[in-house]
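First chain A sits with chain B, and in the next complex the same chain sits with chain C.
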Partner chain A sequence: MEALVRTEEILFIAAVISYLVCSGLFIWYLISRNQAAGRLGMVLLVMGWLAHTAALALRWQTSGHAPMANLYASLSLFGWGIVLFFLITDRFYPVKVAGAMVVPVAFIITSVAGVFYEGPQELMPALQSYWLWIHVTIAMLSYGLFALAFGAGFIYIIQEYLLKKQYQNVILGFVFLFVALGLVIGLWLGSWWAEPARVADELGRVDKIYAGEDILKMVIGSIIGLAVGLILGYAAGKGAARPSFSKRLPSLDVLDEVSYRAVAFGFPMLTIGIITGSIWADQAWGSWWSWDPKETWSLITWLYYGAYLHTRLTMGWRGRHSALLAVIGLVVVLFTYLGVNLLLPGLHSYTPT
Partner chain B sequence: MILSVSYYRNPDVYDIRWLLAALDVSVFLSFYAVIGRRVGHFLVSMKLALTLLFVLAILSVIGTILPQGENVLDSGWVNNPLYDFYRHLGLFEMYHSRWYLAILLLLTFNLVVCVYHRLPTAVKHVLRPRVDVKDIFVSSQPLSATIEGNGEQALGVAREVLSSHHYRILQGETGSVLAEKGRFSGIFSLAFHLSFLIIGLGAIIISFTGFDQRLQIPDGTTAAVKGTDLTVTNHGFTLSTEPVYEGDRIVGYRPSRYASDLEVFENGESVARKTIEVNDPLRYKGVNFHQASYYRTSRGYVTVLSVNKAPGKSLVYIGFVAAMAGIVFGLYFPHRRIWLKVYEKGRLLMGGRTNRAKVTFQRDFDRAVAEVRMRLGQEASADGSTR
Partner chain C sequence: MHLAVLGINHKSAPVELREKVSLNDERCGSLSEHLLAEAPITEVVPLSTCNRTEIYLVASRPEAGRREALASLARTAGIDPAELEACAYFHEGESAVYHLYRVAASLDSLVVGEAQILGQIKEAYHQAHAREDTSVLLNRLFRNAIEVGKRVRTDTRIGENPVSVSSVAVDLVKRVYDDLEGHTALLLGAGKMSELTATHLIANGISSVLVSNRTLARAREMAARFDGTPVPFEQLGDYLALADVVVCSTGAPHYVIRKGEVERAMRRRHNKPIFFIDIAVPRDIDPGVNDVYNAFLYDIDDLNEVAAANAAEREKEARKAEKIIQDEVKEFSRWVSSLEAVPTITELRRMAEEIKQGELEKARRKLDGLSDKEMQRVEAMASAIVNKLMHAPTVELKKAADERGGYMYVESLRRLFGLNGRSRREEDGRRSDG
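Our next item is the complex of A and B:
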C-alpha cells in the first residue's frame, strides 16, 4: 500500500516534469518552426501522459474509487483530460502549434494539483455513489470546453489587435492574462503556505480558519504572483507584437467559430451536470436544490453562458463582443470550480480540501 | 430612498412573498402598458430576458457572499447599524426574497411570450417546410452560388451530392428543391425553454401536495410522520470514522460511513425495515426516509431524517429529460437549408442559410458546391460565386 502510494507520487512528479519540458519544446516549436522540437515534444508528451495515466490508475486502486474525491485528484484528472484531448485532436487536425498554449496550461493545472497533494482517503458518505463519476466527468468536460472558448476568444482579441497593428494593445492583452494568472496562482500558493487551522465538523465537512498572519501570507503570495505575471506577460507580449506573428494564428472567423462552438458544446454539458447533481442531491439527502454556494455558482455560470448564447443566436453578436464574453466567462467558471471551495470557507463545500 | 425601501419591505411571512412578487410583476406590466406603446415588442425582446438573467446572476452572487437564513444570526451583520434595513431588502433571504421571486416570475412571463411567438415558425419548419421559392429568394440567401452550364443536369448532380451529405431532399411543385438537415432544431430549442415551465409546475405541485419534514430521532425511539398514518422507529445509529491527517499528525476524525436501522409502521403495523445511509434511503408508498444528518448529545446519537413525499416528482423528471434532450439536440444539430433552382437561362442557383454555426455551414456549403462543379467537369473557383 505504502509502496503503491510512493510509486504514484513518483509517476505524478515525472508527468509534471515532462509537461514542463514539453511546454518549453512546444513554445520553441511555435517560435522557430523547428520540426525536431515539435516531434520530440510530442513523444515526450505521450510518455508523460502515460506516466500520468498510471499515477491516476494507482490512485484509483489505492483509494478504491474514481480519482475525484479531493482537489488534488480532481485537478490532476483535469490536466490529464486536457493532454488527452490535445493528443486526440493532434491525430486529426494539424494543431501542433496549439501545444504552445495547451501544454503550459496542462502543466500549470497539474502542478497546482501537486500543491494540494493529499494521500488516498475514503470518500465522505455523501460522495459514495455512482453519480460521483457521472456528475464530475460531465461538469469537468463543460469547464474544459469553457476554457477552450476562453483560449479561442483570447487569441481572437490578440489577432484582431495584430491585424489592426495596435501592438501596444497586444502587449497589454498578454500582460492582463499573465497578471490574472499570476494573481490566482499566487493566491493559491499563498493559501497553501498559510496553512490555516482546519476543523472537521461531525459531518466530515472541513472548515478553514484564517488568522491575520495567514491572510498576510496570502497577500504576499498574490503580490509575488502579480509581479511575476507582469514580467512574463510583458515579455510574451513583446515577443508576439510583430506583424509576422498574426500569420501563425488562425483567422478571425475560425477563432470566432471555435469559441462559439466550444460554448455551444459546453453549455449543454453544464446543463446536464447541474441536472445530474440535482438528481443526486435528491437521492442522497431528499432535496433537489439547497442554495449551497457550489450550486448557486453553477447556476450563475449557467445564467452567464445562457446570456452569451442569447446575445449570439438572437441578437446577432459576433466577433470581439462574443470573444470578450468568452474571456470573462472563464473567471466565473474558475470561481465555480475552485473559488467556491477555496475562498468561501465556513460555508459547507463538498470536497474537504 | 430609505423610506421608500422600508415601505417596500421583505415580508417575514413566507407564504405571501409569492403573492407580493406576483403583485410587483403585474404592477410592472401595467405600468409598461400605460407608458409604452409597443408593450408586446419589449416583453418578447431578448433585451428584457438578458437583463433579467444578468440581475438574477448578480443577486445570486450577493446571496453567496452574505450569510443566508439562520447563519446571519451568528455573523457580525447583526450588529451592523443598517442590519434591519438590509434585512428588509431581503439580502439575508436572497433566494426567497420578493425581488428574486418577482424577477423569476417576470422571466417566466417573458419566456412564455417568447415561446408563444416562436412556436408557429418552429412547427412550420417541421410540418410545412418552405420548398417552393422564387429565384430572387434563392440568390439573396446569406450563402449563394451559381453553377453555369446545363441547369437540369446540374440540379440532378446537386441533389445527389447533397443527399450523400445526409441532406433530406424535398421536390417542390414549381421546380425548386429544398435540401435540409436538423429541421427539429427549433422544436428542441423550444422544448428546452418549456422544460423550465414543466420543472416549475412540478415544483409547485410538490409544494402543494407533498411534504418535507425533518425528524430528529434518538436511538431506540419512535417519531410520527405528520400528515400520514406512519411512524418510524430508530433501532440504532452506527458510525465509522477515519482520521484526518495534516502531514503525519492526526488533526481530527471524520465519518466515513453512517447509517440508521429504521422500521416503519403504518397504523401500528410493521410495514418496512431497512438500514439507511446517505445515498440509500428507505422508500415506502411514495414516502422517502433520507439519512440527512446526525448529531451527538450527552445521551448518545440523534439521527436527523429528511422525510418527504413528492407526488409531482415524475413531472420534474420529465422536465429534466426535456431540458437535456432539448439543449443537446437544439444546439448540436442546427437547422441547415439549401434551396436549388434552375434559372431561366439554364443555370443552377443554390442558396443556403442556417440558424447557428455559420462558418461551419459555409465550409459545408462551399464543399458541396465544389463537389457539384467537379462532377460536372468544371474547375472549382476559389471565390467569386460564393459570398
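Our next item is the complex of A and C:
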C-alpha cells in the first residue's frame, strides 16, 4: 500500500516534469521551428501522459474509488484531460505548435494539483456513490475540452491580429497582453508570498487580513510581473512582427474549427456532468438542485457555452468573436471549478468545512 | 590536375551578353567535345541557365584551360573573346569548388534561396556524365555539390518564406485557409501579376475560379485559360459572397470594391473569411474593407513589405548556408589532396616499409641462431622484395598523374591497399546514398 502511494507520487512528479519540459520544447518549437524539438516534445508528452495515466490508475487502486475525492485528484484529472484532448486533436489537425499554448496550461493545472497533494483517503459517506465518479470524471473531461478551446481561441486571436495588422505596429498589442498577464501572475505570486493572517468568523468563513507588509509584497510582485511582462511582450512583439512567425501558427480556419469542435464536444459532456451530479445530489441529499454556489456557477457555465454554440449555429458567429468567447469561457470554468471551491463555502468544497 | 570554372552570371554580365552566351543542350555537347579535344583539358561540365553560363573543367594547366574555354565559348556565342573576357570570372582549385557549392545552394542566384538551380545543376551534370565528359574529379564535385544544395535546403530555412509578390499573397491566404481545396477565388481585371497569383492559387489546390472583367470578352478569355467561370462585372456584389479569395488588378481610377458591399457579402456568407489581394495601382479596394469583420486586405505595398521582411530572413539563412558550404569545401579539398600522386606513393612506400620491419622483427625473434651476416642477408632479401613489388605501381602512378582520369589509379590504389580508412568509408557512404 505504502509502496503504491510512493509509486503514484513518483509517476505524478514524472508527469509534471515532463509537462514542464514539453512546455519548454513546444515554445522552443514555436520560436525556432526546430522540427526535432516538436517531435521530441510530442514523444515526451505521450510518455508523461502515460505516467500521468498510471498515477491516476494507482490512485484509483489505492483509494478504492475514482480519483476525485480531493482537489489534488480532480485537478490532476483536469490536466490529464487537457493533454489527452490535445494528443487526439494533433492526430486530426495540423496544430502541433498549439502545444506551446495548451501544454503550459496543462502543466500549470497539474502542478497546482501537486500543490494540493493529499494521500488517498476514505470518501466521506455523502460522496460514496456510483454517480459521483461519473459526475466528476465527465465534468473534468469537459473542462479539459474547454481548456483546449481556450488554447485554440487564444492562438486564433493572435494569428488574426497579426494578419489584420499586416504585421505592422503589432508590438504594442503584445506588450499590452504580456503586461496584463504579468500583472495578474505577479499579483497572484505576491499574494502567495504575503501569507496574510487568516481569521475565521463565527460562521466558519475564513477571511484574510492583509497587513501593510503583505500589501507591499503584493505590490512588489505586481511590479516585477509588470516589468517581466514589458520585456517579454516587447520581445514577443518583435518576433511576431516578422511575417514568417505567423506562418508557423496554425491557419485561422483550423484554429476556429478546433476551438468550435472542442466546445461542441465539451458542452454535451458538461450537460451530462450536471445531470449526473443532480441525480447523485438527489440520492445523497434528497434534492435535485439546491442552488449551492457550485450548482449556480455550473449553470452559468452551461448557459455560457450554450450561448457560444447558439451564436455560432444560429447567428453565424465565427472567428474572433467566438475565439474571444472560448478564451473568456475558461475563466468562467476556472471560477466555477476553483473559485467556488476556494472562495465560496458550500457543499462542493473539497476541504471539509 | 586542376579544377577550374569560367563563367558569367547576372552580376557580371548584362542580359544581352548572357543571351548570346547561353548554351542549349546541343551547344553544350559540341562545346564540351571541342574542349576535350584540347590537350590540357580532361573533364568538362557546362552549366547554362537564364542567369548564368559556366564551364567547369579539369585541366593540367589551369591558365591554358581558361584560355581554351574562353575562346570556345566566345566562338560558340559568335562574339569577340575580349568582350566575353571583360565580363567573365575565373576560379580555380578550392575557390572553384566554393563557387559551385554557392551556386548549388542558390546563394549566387538572383533570388537567393530559389529552388530551380539545383535541378538545373543536376540536369547539366547528368548530361555531361552521359556524354562521358566527366571523370573522378568532376563526378565527385558535382555529386557533392548536389548534396550540399540539398543540405542547405533542409538544414536552413533559406527557401521557406516566399519573396515574390504573388507567392507571398498565396502564402498569406494559406494562413486563413489551411487547405485551398474546396475554396473559390474571384479574379477581377487582368494583368501579369494577378494572373501569376491565380496560377499560384490553382497550383495550391483552389477548387474554383470566377473571373470578371469590364469587358465580357476578356473575362471569357481569361476564364478559359484558368478553367474558370466568367461572371458579369455588374453583379460583382453578388459573387463576392461566393469568394474566399479575391484578386484585384483592374485599371479603374476609383475603388471597384467598397466597404458596404463587403459587409453585405460577409453577412450573406455567415462571416466566412475573405482574403482580398489588391495588386492594382491606383488601388481597387477601399482600404476600409480591412476593418470588416473576417475580411483581410493586402494591397501591393503590404505584400511588398512582407516580401522584403522574408528576403531579410533569407539573408540571415544565407549566412548559415555559407558556414555549411565552407565546411564542405574543406572536406572536398581534403579529398582532392588525398588524390595527389606523390603523397600517395610516399604513403604506399611507408606502409610497405612498416610491414617489412614488422615481419623482420618477428623473424629475428624466431631465428635466434642466425649470425649477423645471415641476418643482413635476410634483411636485404626483404628489402629487395618490397622494392621490386613497389616499383611498377610507383612508375605507373607517376605517369598516370598527368593523364585524363589519372585520379582513378590513385583512388583505386588507395582503396586496394587501404591507404586511407576515412576516405574509403566516405566513399561507401556516397555509394549507398545512390
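Quick note on the criterion: the second predicted complex is superposed on the first by the 260 of 353 C-alpha atoms of A that agree within 3 Å, B and C clash if a C-alpha of one lies under 4 Å from a C-alpha of the other, contacts with A are read in each partner's own complex, and residues count from 1 in each chain.
Keep this in mind: contacts are C-beta pairs under 8 Å (C-beta built on N, C-alpha and C of every residue); 3 or more make two chains touch, one makes a residue touch a chain.
What you see is a predicted model, and the numbers here were worked out from it, not measured in a lab.
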item	value
Partner chain in contact with A:G64 - chain B first, chain C second, else both or neither	neither
Chain B versus chain C as contact partner of A:L163, first or second or both or neither	second
Partner chain in contact with A:S287 - chain B first, chain C second, else both or neither	first
Superposed model, chain A: greater residue contact from chain B or chain C	B
Partner chain in contact with A:G319 - chain B first, chain C second, else both or neither	second
First (chain B), second (chain C), both or neither touched by A:V254	both
Common interface residues of chain A - those touching chain B in one complex and chain C in the other	253-254
Chain A-facing residues of chain B, complex	46, 49-50, 53-54, 56-57, 60-61, 63-65, 68, 95, 212, 242, 244-246, 251-258, 277-279, 281, 288, 290, 292-296, 306-308, 316, 320, 323-324, 327-328, 331-332, 355-360
Chain B partner contacts - residues on chain A that touch it in the complex	119, 121-126, 128-129, 131, 195, 198-200, 202-204, 206, 253-254, 256-257, 260-261, 264-265, 267-268, 271-272, 275, 278-279, 283-288, 291, 293, 296-297, 299-300, 303-304, 306-307, 309-311, 313-315, 340, 344, 347, 352
Contact footprint of chain A on chain C as seen in their complex	157, 160-161, 171-172, 174-178, 267, 270-273, 290, 293-294, 296, 298, 302, 305-306, 309-310, 313
Residue numbers on chain A that touch chain C, as the complex places them	33, 94, 159, 163-164, 166-168, 242-244, 246-247, 249-254, 316-321
